[in-house]
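Chain lettering (A, B, C and D) follows the sequence in which the chains are written, and residue indices restart at 1 in each chain.
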Amino acid sequence: MDLNAGCEITFEVTAPTPMVLMLRPRSGYAQWVSQERYTLNPQVPAIEYVDSYGNLCQRLVAPIGSFVVSTRAGVQVADMIDVQPGAPFTPVQDLPDNVLQFLLPSRYCQSDQLGKLALEIVENTAPGYDQVAAIEAWIHTNIEYRYGVSDASTAARETAEGRIGVCRDFADLGVALARSLSIPARFVVGYLYQLDPMDLHAWFEAYVGGRWYTFDATQASPRGGRIAYGRDAADVALATQFGPATLTNLRVWVEQMTG
Amino acid sequence: MDLNAGCEITFEVTAPTPMVLMLRPRSGYAQWVSQERYTLNPQVPAIEYVDSYGNLCQRLVAPIGSFVVSTRAGVQVADMIDVQPGAPFTPVQDLPDNVLQFLLPSRYCQSDQLGKLALEIVENTAPGYDQVAAIEAWIHTNIEYRYGVSDASTAARETAEGRIGVCRDFADLGVALARSLSIPARFVVGYLYQLDPMDLHAWFEAYVGGRWYTFDATQASPRGGRIAYGRDAADVALATQFGPATLTNLRVWVEQMTG
Amino acid sequence: MDLNAGCEITFEVTAPTPMVLMLRPRSGYAQWVSQERYTLNPQVPAIEYVDSYGNLCQRLVAPIGSFVVSTRAGVQVADMIDVQPGAPFTPVQDLPDNVLQFLLPSRYCQSDQLGKLALEIVENTAPGYDQVAAIEAWIHTNIEYRYGVSDASTAARETAEGRIGVCRDFADLGVALARSLSIPARFVVGYLYQLDPMDLHAWFEAYVGGRWYTFDATQASPRGGRIAYGRDAADVALATQFGPATLTNLRVWVEQMTG
Amino acid sequence: MDLNAGCEITFEVTAPTPMVLMLRPRSGYAQWVSQERYTLNPQVPAIEYVDSYGNLCQRLVAPIGSFVVSTRAGVQVADMIDVQPGAPFTPVQDLPDNVLQFLLPSRYCQSDQLGKLALEIVENTAPGYDQVAAIEAWIHTNIEYRYGVSDASTAARETAEGRIGVCRDFADLGVALARSLSIPARFVVGYLYQLDPMDLHAWFEAYVGGRWYTFDATQASPRGGRIAYGRDAADVALATQFGPATLTNLRVWVEQMTG
């Protein structure tokens, strides 16, 4: 399907503020960026680099006053995500080198502390894809989706205890639980079609059966476009700022383009 | 200035042909991609990766029949390229690690064989920027710009001997001569405003005074947008194909966008 | 000074266990590895790769039984670490691209939660090197160095609250506090001369005045050799194991070599 | 088998000369560096970095006078290289991203000009491993191994024409011919057991059947240790120098270590 997705972010800036934005989606597996628009208002110099996960990152200094970042992308994505029940656990020794980092604990994914819960969740489940699916189902059933309880410091362990969170918490928890079973997992941010209420979205991918598969504990059949990958939410903030800039407005839209 | 640049490439394909395209410009120093469009017709699966120079590369298999690749970019670039007469030679020991590779000879830049010519050209010139400017001027004066004489196998040494070439030959020669003086140089492909006749263009950059500067032996004051960097023309072909695909049409345009 | 440093690690392995070891030091700034020895007993196939921080990582599957890893390095290091009181804060917009990742919170460095403490510590201190030195001094004064209280799940926030820890906790806390001031900081593991009791050691580096400087809240004048860098302790475990292997013995030595 | 290999290189330096050395072998597939020694005399500051091929590179400024670089490595390597007649051609669309660069022509491997010769050599040969074996055999039979005819500017096309060369020419030609058939190939430098006369050695690897295989047109059954990989000889010079340093002595040894 063809999606037209975008967002407009407004900051009120009271002193020049360095920022790293991560808002330019890349073409990749089952995703082709056919159109794109990215404007800064006022227009300031910006540099782009590729981080260690392959994300395109935009560096700039936001000027005093209102600063508006607008991006829009036309993205061709698969109608359905790939699912593969029964795909086996990939032994650690067979993982590609650059996948190994996604086994380590990270800021919001204390996989070192969630092994017991993970083992309970996957009891009697075949190692691999089915374990991750069991984790996804467990989160979906046991964690209440509610705004306003978690915040930027909430990590997977807290979500496992509090049983409440938003999409980013669901994803951090899924990542942490998968990693505690020695299954590489990474955090994904992007656009989701028919998300309600509309917002930027987060989900996760797990490496089983020799490749990455998509999982989303908030949705039955997610269809969307990826913007960035990371170890967890810390790596893929839409904007990481180093100064007094307040995000005053965020508008997101995802529409299906018709022929 | 704001440029609207693009190209449309038509291949006639007689058997499925793997291709690597390098047609998606990136934002970077003094260049911001504010709009972009990239379509494949027919639409086939494509994957994008970042090569070792930081270029976005599109992999696909072109299907039998007519295959049309269209790209278009809105790019904000500086009105004038940076020039810095007198910028000193950067000693090799002070070069960043990832710049060192641009000192080595490469397919079309036999810098190991052009040292004598380079020394003649830069005689009595201060080491650094002025040497590269002297090389640029020498090429401009001594190499005839003519289509149809050089081809895909022509390298800098042949251009230095034959004294004829097109923009890619001018750039390969500039790169080779700079490197023979231990000045890092890299090949750039991109769009040039008011190029006549319009086509994709090639120029080069040299690392002096602690940063990269743009040089173009074909133009007095080049204004354009970069698509890709490489050691020489071999690294940045707009399309590298591995099968029977014939490029039957290439249309390029570069226009100034007005407010 | 020339150090002869090494370690011998014994694992008892009850089932074949994939491991990633990080025990081969690299030459780098103010450190030259002149001799090295690295043996596995029993000798099993091992592959080495470079992770995203530039560390050499050894992958292998530890076999059932006793598995002994021995490494030894002759390393030439500076007699004194570089210190530079007054070195200024490097503005975020001037940081090299690959340094930016060391501003983000990570598993053991919840910099997003330690800003208040950091501001108290550095009150009236000039931005930059002196702030990091104040953090180092504060940790040295306020955190008790004691074995057996913290464990592999202890992170900077817990150390700041409990006021007890070992070298790795001191380093994680230093990293977290520096990052909360927008100063990039990274975790270092290595060998320390005259550490008592002898063990592997951890400290940190902060990026101020345009380069990395060494800080160690446990030592007055640390002299040692680096083995690996990371965001925090999670990235640089000497051994990350994925199976039932018990570390039963760890012997470390660091001696000064004499001419 | 266990090899003890090393070299000692003496330069006479008449002005301080920046150098990049590539003399530290890395552990990797079927190769484990168990011991190593690397000394500079006089001892000067040196920095090490990893280039885009994963090689460890040592940067330094050689001082005026005699400058001696000595390296020695104990390397565990397979008794026999892997051979796999019949291993199929890997379609270009199935190659890993980072292998694609080894399909491009390079300084000493004008694969764009050797397609006709390659097709003659592999006539009636199954695509893949057997083609590369045919190339290896053809070079072995048709190129005379002789010192003193080729030099640092000799590339594959010249070797194909002149029919004379040394190991580096054999390897460059093998690489170029393989690439012209869309088989990725890379140049390897290293130590060879029982090479006569003893010297540093060069051979090549080709990617077929989903992995890299070793080929050496100079030897029936090569056994040795790799030091570095590159596109061709230009990338892996044992020393790349930028000033007046003369290599006055090179001593190389490779011995089998006995239990």
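We take it that a contact is a pair of C-beta atoms (placed from the backbone, for glycine too) under 8 Å apart; a residue touches a chain by one contact, two chains touch by 3 or more.
Please read all numbers here as calculations on a predicted model, not as lab measurements.
Peer 1: Enumerate, in label order, the chains that touch chain B and chain C alike.
Peer 2: The common neighbours are A, D.
Peer 1: Taking each chain's centre as the mean of its CA atoms, which one is farthest from the centre of chain D?
Peer 2: Most remote chain from chain D, centroid-wise, comes out as A.
Peer 1: Is the number of contacting C-beta pairs greater for A-C or for C-D?
Peer 2: A-C
Peer 1: Using the average of all C-alpha atoms in each chain as its centre, how far is it in Å between chain A and chain D?
Peer 2: Taking the average C-alpha coordinate of chain A and of chain D, the gap between them is 43 Å.
Peer 1: Taking the mean of the C-alpha atoms as each chain's centre, how many Å separate chain A from chain C?
Peer 2: Here the centre of chain C sits 29 Å away from the centre of chain A.
Peer 1: So, what's the distance in Å between the C-alpha centres of chain D and chain C?
Peer 2: 36
Peer 1: Can you pull out the residues of chain D that are in contact with at least two other chains?
Peer 2: none
Peer 1: Judged by the touch rule stated earlier, which pairs of chains are there in contact?
Peer 2: A-B, A-C, B-D, C-D
Peer 1: Which of the residues in chain D end up touching chain B in this complex?
Peer 2: Residue list for chain D touching chain B: 18, 20, 49, 51-52, 57, 59-61, 91-93, 97-98, 100-101, 103-107, 109-110, 112-113, 152-153, 182, 234-235, 240, 242.
Peer 1: In the complex, go through chain D and note every residue touching chain C.
Peer 2: Residues 24, 26-30, 32-40, 43, 45-48, 50, 54, 56, 58, 76 of chain D touch chain C in their complex.
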